[in-house]
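Each of the two complexes below includes chain A, the first together with chain B, the second together with chain C.
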Partner chain A sequence: MRGIIVALVAGAAAVGAAPLALAHAFLDHASPAVGSSVPASPPVVTLWFTQDLEPAFSGVTVTNEAGQRVDLGNVQIPPGSPAELQIGLKPLPPGTYLVSWHVVSVDTHPTEGTFTFEVGRG
Partner chain B sequence: MEGFLIAVRTLHFTAAITLTGVFAFEGLVAGPAFRQSGSAPANAAELHSRLDWLAWASLALALVSGAAWLVAVAAGMSGKPMSVALLQGAVPVVLIRTRFGEDWVLRFALAVLLGLCLLGQRRRAGGALRWMALFLAGGMLASLAWAGHGAATPGPPGDLHLTADILHLLAAGLWLGTLPSLILLLAEARRTGDADWAAVARAATRRYSVLAVASVTVLLAGGMVNTWFLTGTVPALVGTEYGRLLLAKISLFIAMLLVAAVNLLRLTPRLADSTSRTRNIVRRTVARLQSNARIETALGLGVLAIVGALGTLPPGLHSEPGWPFPFRLDIDALTAGSQILLAVLAVAICVCGVGIAASAAAGRYRRSAFFAAGLVLCLAGGWPPLRPAIERAYPTSFYAPAEPYAAASVVRGAAVYAENCALCHGATGRGDGPAAGRLPIRPADLTEPHLFAHTPGDLFWWVGHGMDEGVMPGFAGALNPNQRWDVINFIRARAAGVLALRIGSEITAAAVPEVPDFAFKTGGTQQTLKQVLETGPVLLVLFAPPVPVERLHQLAAAGLRVVAVGLGAPSDETSEGNRAPPFVVTVSSEATSALALFRAPEDRGETELLLDRFGKIRARWTSDMPGGLASADALIADAERIDRITAATPKRAGHSH
Partner chain C sequence: MNAIRPGAAVAAAVILLSTNSAALAHGFAGQRFFPATILTDDPFVADEMSIPQVTVNPPTPDGSRETDIDIDLSKRITPDTDVIIGDSWQRLKPTGLPAVTGLGALHTGAQYQLFVNGPHEALGLVGLNVTWAHTGRVQALGAPDFTTLSPTFDFGKGLGDLPRWLPYLRPFAITGNLGFDFPTKTESAGVPNPTDFNYGFAFEYSFPYLQCCVKDIGLREPFNRLIPLVEVAFTTPINRVPATQTIGTIQPGVIWAGQYFQIGAEAILPVNHFTGHGYGGVVQFHIYLDDLFPRSIGRPISEWW
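Moving on, here comes the complex of A and B:
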């Protein structure tokens, strides 16, 4: 019967509210947006995650189509935004770029992923 | 490594819970029971030494498993095998620079203090040291929440989750953790078999019942909040590894409850009953209580093993749920009256279920049958209103799209569609392609609103596996999953555009089409539509050049949130010269293609769409409508109304990665 209550609660959640808490920091959104095409070279790539991160074990790199690093290597978690990761970029010519992130959430779980964005192909 | 991590987590949880339980039992149950029954102090000392042993064993287990857990986590965080992590100094980094490490140091300190308390307690059983020990052990147990999911989530929801987690852990300590101590007490009562111990057992089990009922209530409440946060939807509960393990944990918990119910409702009253003081009955009852407690403990260890595993998995909300049933319930498809009726019946079913279990446990079988009949009646009564909600479902029905619903995906999907689907479904999607005539079943019109009655996951199944036994072929071999999601995004965007044409200037509260997300650049900063929508409803202006400057200035003066996109001509950055029109943004060609789906060529220049926070079109104006475009004040009023509607029906966040 407890199971029915749980199913009730779960069913209510499916119909109604927005459950929020998630462990394992996953990418929530990014700027430039995932898979998007931006008209001009962005100065930084910012990634927002679903959980707070451990700075000691989290990092991100950006590479171009030839596999060369195009980021400045200055990964940082902005003070006051523990779920955010930011890295500066060199000026980028038009093309497709790959962002590879590897983070550890404060709940000790590592996650990683990649996404691409395009510059200048308007 | 996974198995090792699960094992050490299980052992550590077991140790922390038992440790809290020992001191709670001594202070809340055993101590008062001895005093109440006026038993000889030698008996209390006898039990105390056994409980002392249990406390030391648990503390030792906590220290050893804690150290192993630290090494395992250091390995996991640094991505290296455990031996390497140990030698390469990842452990100090974890200790000093991570939240888990800080938490670990705190727990270690508490353990050391606890050891000192235990040493001090050796002199004399009881007193302030025991309460101090309980406080320390409870702190150790509660701090485990800091390494969990609740602590890692930002904001007020995270606080709620964390609080529920802490209460859940402490309640587990007071219920599951006190069981071993109870077993020891009952064992002593059985062993000696004298009247003194019988009185102690009587008083102790009575007090224990109160403690158990209170802790189970808190445990249940905390557990429900946690379940909500970590799975929260039925697909996540039945379709993910996490959810299924959670269901297994809940099943074991129910089994424990049933055994506990027998103890509470049948055996404890029998023991307390003053007429049954014959030695044999007392002895047998104590024996049964003890064996039941042992069963509960064994089940509880199973629960903790599952807890150990759960903590290593991503919670249900973030895995693709594989729906195991051939049907699903679309409750939204029912009338409000039916929904209320079903909710009432569901509550009644729960009440009957609890009634059946409680009556059976208490030995009242007739009453139990009464509740069972009620349960059957509720189930039978619920069937007719439920039938219309039953929909065919597939394993992928509740998958969240792997490609976000955004312009880039829609445009890629258009290309996939033209190559693979247009042959049968037609270039415009109305089921009139060149090959359509040869098929026994007419290809579906993909622009009909009925498309939205199906989840994206349903469409994913059909695109992959085909339909109607091969009349539509499956494309799993020809298209990879991302391509299939792209074409689904395109089909949905196109259907949304067709549906949008029916929307007028009156605000619709019914199901409405959604505009795909797109990135744009304005005044040097880059944003996406979704980001702007987070702040409130937005008026999306789609125009064919030239730019409707006057209209935009009119909107700007009113203080509306507007995004204006020029379709049909390449965006020209040099026009941001001296008098740059407000709100006009620069977008990629993909965005213009995707947004063109939402603008009819006959609109005589401008289409304005009022979007709610989720990108859904709530109202629409075109230049060629009678009445033309809306006044700025009317728009502001409409935007506020929309905000209030959508605030009341928040959407479930479906993340794709």
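Moving on, here comes the complex of A and C:
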């Protein structure tokens, strides 16, 4: 029993003693929102993550229903917002669009994902 | 403006390629995150630790009741292999008798990640677990006086590859394990030790997946990290005793998966009178070593130097 208590205390201490720890970056929310419908073409797609990102290894594309790129290719992490990823869009006609992202958090953990949003059908 | 430039990408590529395997720790397949489940084995190698898992089991058919406090550690040796070790402190309260306490049997294992298929959110793993003889209180708690070898196949499959016109089914996932227990003694104190077939499944609905990849329905902390699930597990003897003596439990519950740890809680319901009666419960605190210590003990041992 004493060993178990020591292990519990050590475990709790390990969690508490890792304030500088980093982790996988999950998508927290996006604009346009995941699965949403917006009335008009948005100028940009913005993704907010749960961890700071490694700029050189993080990217996002937006494609239409035919699989053609409709983004401007100008992926950026805005200054002062290291957990945010943004890309500009061409003017979008009504339709469904697929956002595909892949990011690497600053401790090298990669994550990826996709979601859709609709323009002019809401 | 932090524009992403090709030169920076090349430099970062060198860094990332040298550290890449740190990335694939715990249960990811594409955009699917699989939490560590409580009852069924996980289909992925990992740097993770359960400290502790507390189980209050349902009363057994003879009325005795057992409480377990388990500690388990998974540690990657290479990016695709890991070893596991665990033990439990047990309290057994027979009907009308004083409670007895002590350690259960030590169990260890070695696992290999067979495949990870990102687009189809599928995982497969094989492992060999060993429960060691005479490492627990044999007479008082019924810990085994024989070693058991248990080969297993564990799998996971997310439904994210369903058509997008079935949006609310896509957060579903299933994990499971199939395995055998081969005892190294055919009987102990006159009681037969059967070879067992073990099979278990976890049916999960991931709110994190719903939020990130299907539709943002406005869930925020802590609800956007909840994963309701139902786990079932059965053990059927295939020799030495009647196969009708299948035992098992059904365990509905929920897991909250954070950045560095997860917390899970489940009810325990026996499937038949061979298993027990009434109900029990289990809670688990589980930490992700690869996220807490990404540059040291959270990395595979093969990359420590």
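Structure notes:
Everything that follows uses one rule, which is that the second predicted complex is superposed on the first by the 100 of 122 C-alpha atoms of A that agree within 3 Å, B and C clash if a C-alpha of one lies under 4 Å from a C-alpha of the other, contacts with A are read in each partner's own complex, and residues count from 1 in each chain.
Everything that follows uses one rule, which is that a contact is a pair of C-beta atoms (placed from the backbone, for glycine too) under 8 Å apart; a residue touches a chain by one contact, two chains touch by 3 or more.
These numbers come from a predicted model, not from an experiment.
In the superposed pair of complexes, A:Ala40 makes contact with chain B only, with no contact to chain C. Once the two complexes are laid over each other on the shared chain, residue contacts for A:Val60 go to neither chain B nor chain C.
Of the two partner chains placed by superposition, only chain B is touched by A:Asp52; chain C is not.
Contact with neither chain B nor chain C is seen for A:Val99 once the two complexes are overlaid on the shared chain. Looking at the shared chain after the overlay, A:His24 reaches both chain B and chain C.
Using the contact criterion defined above for the overlaid structures, shared-chain residue A:Gln76 touches chain C, although it does not reach chain B.
In the superposition on chain A, contact of A:Val119 is made with neither chain B nor chain C.
Within chain A, the residues touching chain B in one complex and chain C in the other are 1, 4, 7-8, 10-11, 14-15, 18, 21-24, 26-27, 29, 33-36, 50-51, 54-57, 82, 104, 107-110, 113. Of all residues in chain A, those touching chain C in their complex are 1, 4, 7-8, 10-12, 14-15, 18, 21-24, 26-27, 29-30, 33-36, 50-51, 54-59, 74-79, 82, 104, 107-116.
By the touch criterion stated above, chain C contacts chain A in their complex at residues 1-5, 8-9, 11-13, 15-16, 19-20, 22-25, 28, 30-31, 33, 49, 51-52, 69, 71, 89, 101, 118, 164, 167, 208, 211-216, 259-261, 285, 287-288, 290-295.
The touching residues of chain B, when paired with chain A in their complex, are 73, 76-79, 93-94, 97-100, 147-155, 157-158, 161, 220, 224, 227-237, 247, 250-251, 253-254, 257, 312, 314-315, 317-318, 331-332, 346-347, 349-350, 353-354, 357, 403-404, 406-409, 517-519, 521, 526-528, 530-531, 570-571, 573, 586-590, 649-653, 655, 657. Of all residues in chain A, only 1-11, 13-29, 31-40, 42, 50-52, 54-57, 82-83, 104-110, 113, 118, 121-122 touch chain B in the complex they form.
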